[in-house]
Amino acid sequence: MYVRNCWYVAAWAHELAENQLISRTVINEPIVLYRNKVGDIVGLEDRCCHRLAPLSHGRIEGNDLRCRYHGLKFNSSGACVEIPMQQAIPPQARVRSYPAVEKHSWIWIWMGDSSLADTSLIPAAVGLDDPHWTLRSGQMDFEANYQLINDNLTDLTHVRFLHPTTFLTPESFPFYAPMVERLDRGIRIWRWLPATSTKSPEKICDEGGDLWTAYDYLVPGIMLMPTVNVAFPKGTAERLGGGRPDVSNGTGVRGTLTSQAITPITDHTSRYFYSWGPSSGEGSDAAADSLLALAKTVFLEDKEMIEAQQRIINFDPGRKELLFGSDAGPVKMRSVIQHLVKAETAAASISSGKELHFAEHP
Amino acid sequence: MYVRNCWYVAAWAHELAENQLISRTVINEPIVLYRNKVGDIVGLEDRCCHRLAPLSHGRIEGNDLRCRYHGLKFNSSGACVEIPMQQAIPPQARVRSYPAVEKHSWIWIWMGDSSLADTSLIPAAVGLDDPHWTLRSGQMDFEANYQLINDNLTDLTHVRFLHPTTFLTPESFPFYAPMVERLDRGIRIWRWLPATSTKSPEKICDEGGDLWTAYDYLVPGIMLMPTVNVAFPKGTAERLGGGRPDVSNGTGVRGTLTSQAITPITDHTSRYFYSWGPSSGEGSDAAADSLLALAKTVFLEDKEMIEAQQRIINFDPGRKELLFGSDAGPVKMRSVIQHLVKAETAAASISSGKELHFAEHP
Amino acid sequence: MYVRNCWYVAAWAHELAENQLISRTVINEPIVLYRNKVGDIVGLEDRCCHRLAPLSHGRIEGNDLRCRYHGLKFNSSGACVEIPMQQAIPPQARVRSYPAVEKHSWIWIWMGDSSLADTSLIPAAVGLDDPHWTLRSGQMDFEANYQLINDNLTDLTHVRFLHPTTFLTPESFPFYAPMVERLDRGIRIWRWLPATSTKSPEKICDEGGDLWTAYDYLVPGIMLMPTVNVAFPKGTAERLGGGRPDVSNGTGVRGTLTSQAITPITDHTSRYFYSWGPSSGEGSDAAADSLLALAKTVFLEDKEMIEAQQRIINFDPGRKELLFGSDAGPVKMRSVIQHLVKAETAAASISSGKELHFAEHP
């Protein structure tokens, strides 16, 4: 179940050099990416309309892409502009084109109806070159459906059990249920990070107080974690029983910043893109390096659990979960996705003359 | 096709240390095993009821098991006894519990209706610590359905062709069809082991005569091979044309002892557990070692053939076999299993209010 | 979709030594091959009728083959001639026999109705021992359906794009569409090889002129490439715009010779057998070696593209191709195969008393 009318992270921008073709699979669809002569990203179906060879094995010619098997040439809109040994080019000779944009150091691709592609819907991730932060980046593949990773990231209560010696002090962590607000295309999660109990990357710059902080999680799986938190005297979280504080009593502090993106490759594999780092004023390069090393250790613990969870699910795919109040994050995020998918399906069914609303082939 | 109301060997007892969790798959079901504080075996569904994470990644707390993902705690009967950040525990918060027993050096698990679990049905295998035998043990995985291994072990006529240089002398082996008796939950196979023709492990202690001997094969795939045989003068088997002798004319001799168990992991993979050895009075440690080494060589020949047979079957799974009189062992053993499965299915269909008779979830 | 009533290359003749059993899979069917006492090839179903064990794990006894699992013995027509511990041999005790012939250094096997097996239908490949040619040979497996390789070899227009630095000069190749004639069981492809533009193996002996040349492509996937070409003055191809020349104006020249065969192993794997070499008078051993090295480089480029094409097709197996005039070779060859398959299906449906026309079991 995938939202189509949204932006997926297909790659880090630095993965795609000038005059290079890279092949990526997003929601089970093969895509070839390259840069045109002015550096803009072109995203085409990685499947020649002629004999279904991968265009990513071809070569870039100016702004166009030539198939290396029998030589058809396509322009950046996917239209075939040359067929060797033939003058006429039939209108069906084209491949699907995907709107693609480089922004915030990522290459974003729109998997739905091109006419609805709206760059203002690209989530406000922070690029690696942002002067306010010293960021480090990485990526990791999971043998698991992307929803399991979304579930993981929208419910950080697992940190206490899965990462007790990496993110947290070994002692029992005074955990409070987060508050989850629904956004237009995602959710916002408010939560306490009590002062002494944690060595979380997010606490690297704190001042010994309890932090009341939020992060956003947006479709299809984009996590934007805080730039500015509100600090309270140590013990406030406990005194409020984990409840919402009066933020006017707190002090804004800069924390660390992380942007993360989950992209479904196939139904059973996903790619995880992430950056993390301290603010430029507070954190050195060494701090940024050690922060990313810590994050990677933690992510590998997540990967091990999530891949094992997927294997368990595969034993009996129809098995139902039993959800509790603490699952508010995953439940609301899944609901956002279901809602958008449902709306797209409804829109597709009233769009006559097209098999699916996002179909582009004439 | 699996009998559920019976004991399967899940592991060697020495595989499961104190304060350790191990994950095993039996008839396609994921199971986690651990020992409670007094050393008894606990067998639970290896799938948290919350978000389906494997409990085998969790940790033991006293007699209980805590999920490492979000912290639910289960007691040894599978009931959830703690949900972090929540007071109420709904009755559905439980995982299936499997009766599990350590006996004869194996961990046995009951895959069916817990209320029918009867430890008197555990086959009389002989444990590694039995003072009468000097036993060695091993295990081996097969990429094959367990029935193919049952077939192999209930029809030892293959020894002449598959193991001519390992178990037998290179010369043609005067083989006689065995006699197969049906037991309550298995079969008993009587057969001749003529004196000079063999270097079979079972003959290590013989006295030059022909042996008339039997072994039992019990559901789901437990082989218990002779402790005491009846010896006759050399040539008796040939004189009787392989027929049944008058046992009152023979002499009891101790042979070697082997206990073996086949456990279906999935439909296409199986685990083979085995021990073998001479009687304590007759065999040294060195004899026990060389006996196991010989057995392992022979089992690897079986494994190669059976896995190849499975691959051939996979080409055309509907292909029928052509069975002869010499297939009495496999045919009767399959019939025992079919009969028990049929009885369970019938019992399940009259058991109202439950999807299957062995279902435990309320 | 496979033609059954035709000869498939199962192996190189030199792969099958005296007193050796080899197992091969052809169009998803397991086959065991061996030589009888006078060296003729025997091809049997590699699946014992008893318990479905592979006969290729057995042993040759004179002209017969004995199963190594339970000892059934089959003669070279597939009839069981011995069942251990049993006198009577039921008529169903047999395995399918496949007509098999060694010719032109290959072992050919007939996958259809034995009564229709006609050795005159074996394509006129050239054996490695032919005195007129200095041939070298090889083989390669593809993770792709055989039709994709047939497509590749019946449409050499891909050479210009896929092999520009191996087969061809880097400069743009003046390519002309080939002419395709339908044969009884295949196609003949006529084409120009202009003089200066190529370093194709076929041009190794040319004399600087344009060659007008043909090769045959026969079911199921046998390529026989020219022995004698017709040479014209350089520039003739361009002057005729790639059109058919008046062959009486040309001069016959010997080129190189290649025989190639594609054999479907399964629906998704294929084996490629090939030989290539100069004529004995013109080419040295060194020339033959370097020619094969070049061919192998080129075939690896094909393999990379075709396997990638197969993976792309697997994303969406229902996706239709868009074919052009230049696809005449593949289109006609596929049509030949479809036609033969259709004829076989029709013949099977009117053949009463048999499940399929090619079924041999009584």
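Chains here go by letter, A, B and C, matching the order in which they are written, and residues are numbered from 1 within each.
Everything that follows uses one rule, which is that contacts are C-beta pairs under 8 Å (C-beta built on N, C-alpha and C of every residue); 3 or more make two chains touch, one makes a residue touch a chain.
Keep in mind that what you see is a predicted model, and the values were worked out from it rather than measured.
Student: List the interface residue numbers of subunit A and of subunit B, divide the shared ones by all numbers used, and answer same when the ratio is over half, different when under half.
Tutor: different
Student: Between subunit B and subunit C, how many degrees of rotation does a Cα superposition need? Round to steps of 5.
Tutor: When the C-alpha atoms are superposed, subunit B turns by 120 degrees onto subunit C.
Student: Taking each chain's centre as its mean C-alpha position, how far apart are subunit A and subunit B in Å?
Tutor: Roughly 48 Å, centre to centre.
Student: Quick one: which residues in subunit C touch 2 or more of the other chains?
Tutor: none
Student: Under the touch definition given earlier, write down the residues of subunit C that touch subunit B in their complex.
Tutor: It is residues 25, 28-30, 46-47, 49-54, 57, 66-71, 83-86, 90, 92-93 of subunit C that touch subunit B.
Student: For subunit C, which residues are in contact with subunit A within the complex?
Tutor: Contacts found on subunit C: 151, 155, 157-158, 160-162, 175-177, 304-305, 308-309, 311-313, 315-316, 319, 321-327.
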